[in-house]
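One structure coming up, written as structure tokens, with questions to follow.
The first chain written gets the first letter, and so on, giving A, B, C, D and E; residue counts start at 1 in each chain.
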Amino acid sequence: MVAEALACLVLVPVVAACLALVLPGRWRWLAVAAGLLPLPLAMAWLTGELGREGLITVAVAGFEAPLGIVWRLDGLSAVLVWLNIIIALLVGLHAAAHYPADKLNGFRFWPLWLLLSGAMNALLLSADLFNLFVTLELVTLAAIGLLVVDRKPQAMRAAVRYLLLALLGSLFYLLGVALVYGQTGTLDLYQAAGVLQPDLLGHTALVLMTVGLLVKAAIFPLHGWLPAAHGNAPGPVSAVLSAMVVKVAVYLVWRLWLWLAGDWAIPAGLTMLGLLGALAIVYGSLQALVQQRVKMIVAYSTVAQLGYLMLLFPLLGLVAFQATSYHLLSHGLAKAAMFLAAANLLTRLGTDQLGDLRGADRRMPLDVFTLALAGVSILGLPPSGGFIAKWLMLQTALAQGGWLWVGVILVGGLLAAAYLFRVLAVLCARPVACPELPVSGKADQLTSLVALGLALAALAAGFVPAPVLKLLATAWPLGGAP
Amino acid sequence: MTEWLLFWLPLAVVLVSALAGLGIFIAGEHRPILRVSLNLAAALAKVVLVGIMGLLVMAGQVPEFNFALLPGLDFKLRADSLSMLFAVLSAVLWLVTTIYAVAYLERARDRARFFGFFSLCVTATMGIAMAGNLLTFFIFYELLTLTTWPLVVHNGNRESFAGARSYLVHTLGASVFLLVGIIWLYQLTGGQDFIAGGYLGELGLDQYHSLRIVFWLLVIGFGVKAALFPLHAWLPRAMVAPAPVSALLHAVAVVKAGAFGLVRLVEDIYGFELVQTLGLDLPLLLLASFTIVYGSVLALFQTDIKKRLAYSTVSQVSYITLGVAIGGPIAAIGGMVHLVHQGLMKITLFFCAGIFANLLGVKKIDQLDGIGRRLPWTSLCFTIGALGMIGLPPVAGFVSKWYLGAGAVAVGREWVILVLLASTLLNAAYFLPLIKRIWLNEPARAWPAEIDASRLEVFGLVGATLATTGVAVGVGLFAGHPLSPLSWVTGIVTDYFP
Amino acid sequence: MVIDVFLALGLVVLAWQALIGGSLFRGIVMFIVFGMVLTLAWAWLGSPDLAMAEAAIGAGVTGALIMIAYWRLRRINAVEPRDPSPARSRLALVIAVLATGLVGAIGLAAVSALTGDATAARVMNETLPDTGLGNPITGVLIVFRNLDTLLEVAVVLAAYIAARAALGRESADLPLPPAPDTPLLTPLVVTLAPLTMVVAIYLLKAGSQYPGGAFQASALLAALGVLLVLTGRVGPAAAANWLTRAGLVIGTLVFCLVGLGMLVIGAPLLAIPGIWAVYLIEAAMMISIGLTLVLLFAGAPGLSGKRS
Amino acid sequence: MSLLLDAFAALLLLIGAFFYLAGTVGLIRFPDALSRLHALTKADNIGLLSICAGSALMAGELRVALLLLLIWLMALFAATVSAHLIARRSLRDAEDSGADAGKSPS
Amino acid sequence: MNRLSLLRAGIVLVLLVLVWLILDGLDSLLTGLVAAVIGASLFVLLHVPRPYHLRIWRLPRFVLFFLVESVRGAVDVAWRAFHPALPIVPAMIDHGVELPAGQPRMLLVSVISLLPGTLSADLDSDGKMLKVHAISEDPDIAVRTLQAQIAYLYGLIGTPRP
């Protein structure tokens, strides 16, 4: 059953993507539903199993490593798979309004959407360095396809830039994988972990793979492609890009540094990564503060928020791991909600230029409310998932006397407040002239409610962190204390 | 049954206004009757629930709601005597303010937004009152910041945004200090409940340095909302908000939340004994004293009625801090009871200022000439409130000042009397000219912006004001009654200083 | 040793070029070449199987897809990717310096990188005879690590849809280079097409024992397709019929279904039941990849045959 | 016998190499595009034939020999067609630019 | 589809099977057959009606002619390439084409390039005039000879002489 459920997570969306391409008209809805709806069921079952076993491994095609590829589901990947499924379903629901599967643009959209969620699951399950590369490629290409699905010139330009940098990042990663393979004779992450030595070569491999992934993760200073891409993508696509696509690259960096090189003791490297994160937080927030478009603000906010994920390295420890993972989760939900709300503003008011949005809260109260709610989690204010993450992060930073990190986390929160309230202030300002309320159709309401649902999920994450954190703790590889 | 009630009641008390808020948002702008009835029903329900809870607490029960976010991180609502003091004040004043606000905003727009956030704001206040530990306190403290922001920007003009920005900069900046301080404390002791006399006593000498730092972090965190000098600058600027908001901010919600936090800090977290041991009481006392005088002096120079009231608040709220910083049971009583007394008096004053502005367009002090003849009832209320502020018996303010003075003498800090005296003189200096203008000066020929108010409006506005005035006088007159705030506070303080 | 240094230097230069190269076009070209050089690096590390896979996907197909898409984009002229602004290039410079340092470092390291006894390769040589395959590359691609290949075919599919999304329907109206009106072409096509077909199938079949396989076969098929398009025997169509769409997905679909089917009968996921399944999967892959390349070349959603 | 065969095969390979060399030299030395095409097509054709024949002899297997023949035929076909197309192109380009096509279509 | 084209498809099928046999031997005849059928059907899909059939018994003669001439051509061009004085005289001549359109004319155009001194450069649109590029004297005879050979191969004339 385990193998069946895992296969369902990866192959069902891929098969559905194929069917969505082939089937005519209305039948495509069926393919889309068949590709996405079984995922939570399979994952629910797997989560139960994971709770009993602590770790699920399956050798794909029956060949164990080093020859074959091994799927490995632990607490961390389980949490991310859940996030992916939630995003795929809820954001997908939003997308259904704009990309009806039986219309032409839906014909382009849904196969990519399904491929993306399948690839993401495959990435999260994979324990094989080369297989990770392939899944990363698939994720990137599907994401880029989604980015240009509306064929807007800015999006296309951003997509080409993103494509090049992302593929370059892949190649760097691959170079590192080649080194690991040369050294260890295996591509399995966990087998290599026991063999790979922390010598010059091992370090080089690690650094290469890390740099490659940091490009994809858009960690400062390699973030250049992100704002244009996320800021110009169609709404649901921005949401999934920010919530998942960049995250999985960071996830891989975690895997490399904590699992592959977990016992290497390289404090300088860890601090370095932490500093990059810190710079990302400050720089991204400052940039967000001066942007003139809502979506660009949200995009730069992603640059900043990704920085928090890097703080795991200097704060190294179980609690920090739980904190950053939880941040990843709640930021995913909140950011998706924000992008969807911003997209709703953009589609219904025709602009997301800050200057033109005065008084938007009268016309679209639900979406403005969503922005504000999601903002609570982004700010790390209670009660929200972001708050739990921030609390735990601050707790370990204080416990270690890491005042720099404490400062960065706090300053990041304040700057986030600055840029978010800047948006909210405009939205709530009294408009010069208040035009008639547009009649909002059912589809419009659905899109707003989906965004609200995601924002509420981010808040709800602030109330029930215990089971998730417990699940995460089972995945922590390095023991209790740093 | 009782167990069940004891567990869920605190949550119900907090949530009833939150649900009302949600209902108001959903009801929307165009269903005023539904909205208002929802609001009033919730306010009444809250008063009833708080009343039940008060009875339970008086019977020696401890209603407590507990929900573990994480091991060691509890979300805990608990009603102890101090909570009840604040909870009753909020519940009653919410009801009154709602009536006032319905009338006040009869002609305004965006009322759904206003009343929705107003309810949420009360939720946060109630949560602060009932918070059983620092984490819970922090959660609602931040919620309060977030929910008051839309109220401050309600008018949507440039000044309100400037005021709101200042408010946010101060409160969110403070929350940073607060958060660090709280997490630090959690590091030291784990998440412990508030307890009379504090729970930090068993920490060794080697932690004293940390404890001092944490104390000041928390003082900054609470001090901003309590408008302690030099963290008070946001308060006068936030005066751009509509009058009911100002009333709520000053009398109940924001400012009191800060002051309440300071009380919790000194009495229930550190315990006065430890504060004294650490040598923190005197600096706090000096800070409070300075704020009292400073606020009063600045109030003198204001020409805007609401601004003058605002600086008066800066000064008056510090009485509470003063009370807990002096130490000793008598001063503590004075401080805590001022929590209630100042609330009643200040809300009356703001209600009156709101009526002046709303009905006649009077906003400046020099426009007040002869208003007593035009609006006699309101002017009467204003006068009573002002006199109470000055400390004239039998209005509530007198009781507080008396206890504060006596308490200071009791612990041998006689110089505090001088501060109180100076403050009283200054109070008189900035309130008496107003009273003179209201009653004795000749009225101007036309009021700046007189409106033709409906009977309902007038009834709501003035009725609410009369009610608060009555209570303010009542709690002073019947201070000896066993149900009066004074008796209640005396009961609380005996826990602190057995 | 010398080769190591050359490889490393080449990587440095190319990475640099790809990043700061003045125009986007040069960037893409450099990118493709970078991929090729990296493939060499793989081969040098003694892992030809992975080198093949990488050559097929990372640099070859993907690079070609980008190239075609770029070329089309320019022609549509909706996007004229400008040269990067000075600020961007400064940023690129930073990245390039970083990249250069890292790649230089690996060059130094690679000198000592050669360990002869690669575990995975050894295990594979022991296991290969059980599968009945003679070609280790096919063994890796279709049997041992077939998840990689499955996802690679999906990558090609994703790349195709992405390019389609970017190109849009109008691109079908773009003029292709006019078919030369010389009498030589018809016999050329008539002779080459059947022959190419047979050779492609041969390559596919031979892949189980000798070098060859679906990727090479599909390259041949794509060449045939391009020839047909260029000679005007096959023209772009504004919409894809279901046959075309089925051809595009058949590789991924058959692969997935075989894999899932094994699960149903109780074998491990994606286990390959026999040589016939290898052929089935490879044939499907060949059709999909070849068709994808031709469609991208034609720059249209579909194809229509023209008799002349 | 085998030695003789091998020697003959080697000779064929050498001849093939010679023609390839000749073709390349012609490619470099001849004055214009069309003339260069002469060198390429004619010399390389025979060069490839020689090399294929040599290889076939060395392999000593009919199937391989036939395969090589097939390869040669295909290459021959491709070479002539492409030579014609290139010539045509350069001729027409030259006409378009007004130069004397026969002399020096540069 | 008439019988003739069916026959042609059959011939192509046989040829393709032969090719497969060359490629992969006898072991996989079935696969080869399938491949050949696919190839042949592609041929049918693409094929052009052509009325000329080569006389298979005349083929050896043509092959011989072709081999001799192309060796001569190769030697000739090699000689010119290595000659210090580079003795080439580029010239463009127009040559009338008498062969009918289709395979015969195609064969002419492609084989010319392999004969000594000649290169087919362009064929005008109605296919009646061939531009031949020459690097030696007197290419006319060569072209005429070739035309006759091809015509003979296809049974258009009875003798392989111009």
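Keep this in mind: a residue touches a chain if its C-beta (ideal position, glycine included) is under 8 Å from a C-beta of that chain, and two chains touch if they have at least 3 such contacts.
Only a predicted model underlies this, so the values are computations on that prediction, with no experimental measurement involved.
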Shortest walk length in steps over touching chains, chain B through to chain C: 2
Chains touching both chain A and chain C, listed by label: none
Chain-contact steps, minimal, separating chain D from chain A: 2
Interface ranked first by C-beta contact pairs: A-C
Most widely separated chain from chain B, with each centre as the mean of CA atoms: E
Innermost chain, taking as reference the mean of every protein Cα atom displayed: A
Centre-to-centre distance between chain E and chain D (centres being mean Cα positions), rounded to whole Å: 16
CA centroid of chain C to CA centroid of chain D, Å: 31
Length of the line joining the C-alpha centres of chain A and chain B, rounded to whole Å: 43
Inter-centroid spacing, chain E versus chain A (mean Cα positions, whole Å): 63
Residues of chain A engaged with two or more neighbouring chains: none
Multi-partner residues of chain E (each touching 2 or more other chains): 19, 23, 109-110, 123
In contact (per the touch rule at the top): chain pairs: A-B, A-C, C-D, C-E, D-E
Complex contacts: residues of chain A adjacent to chain C: 3-4, 6-7, 11, 14-15, 17-19, 21-22, 24, 58-63, 66-69, 104, 108, 111-112, 115, 118-119, 122, 130-131, 133-135, 137-138, 141-142, 144-146, 148-149, 151, 153, 156-157, 159-160, 163-164, 167-168, 170-172, 174-175, 178-179, 181-187, 200-201, 204-205, 207-208, 211, 215, 221-222, 224
Interface residues, chain A side, partner chain B - complex: 359, 361-362, 365, 369, 372, 376, 381-383, 387-388, 390-391, 394-395, 398-399, 406, 410, 413-414, 417, 421, 425, 428-430, 462-466, 469
Residue ranges of chain D touching chain C (in the complex, touch as defined): 74, 77, 80-81, 84-85, 88
For the chain D and chain E complex, residues of the former touching the latter: 18-19, 22-23, 25-26, 29-32, 34-35, 37-39, 41-43, 45-47, 63, 66-67, 70, 76-77, 80-81, 83-84, 87-88, 91-92, 101-103
Chain E-facing residues of chain C, complex: 181-184, 186-187, 189-190, 193-195, 197-199, 201-202, 205-206, 233, 305, 308
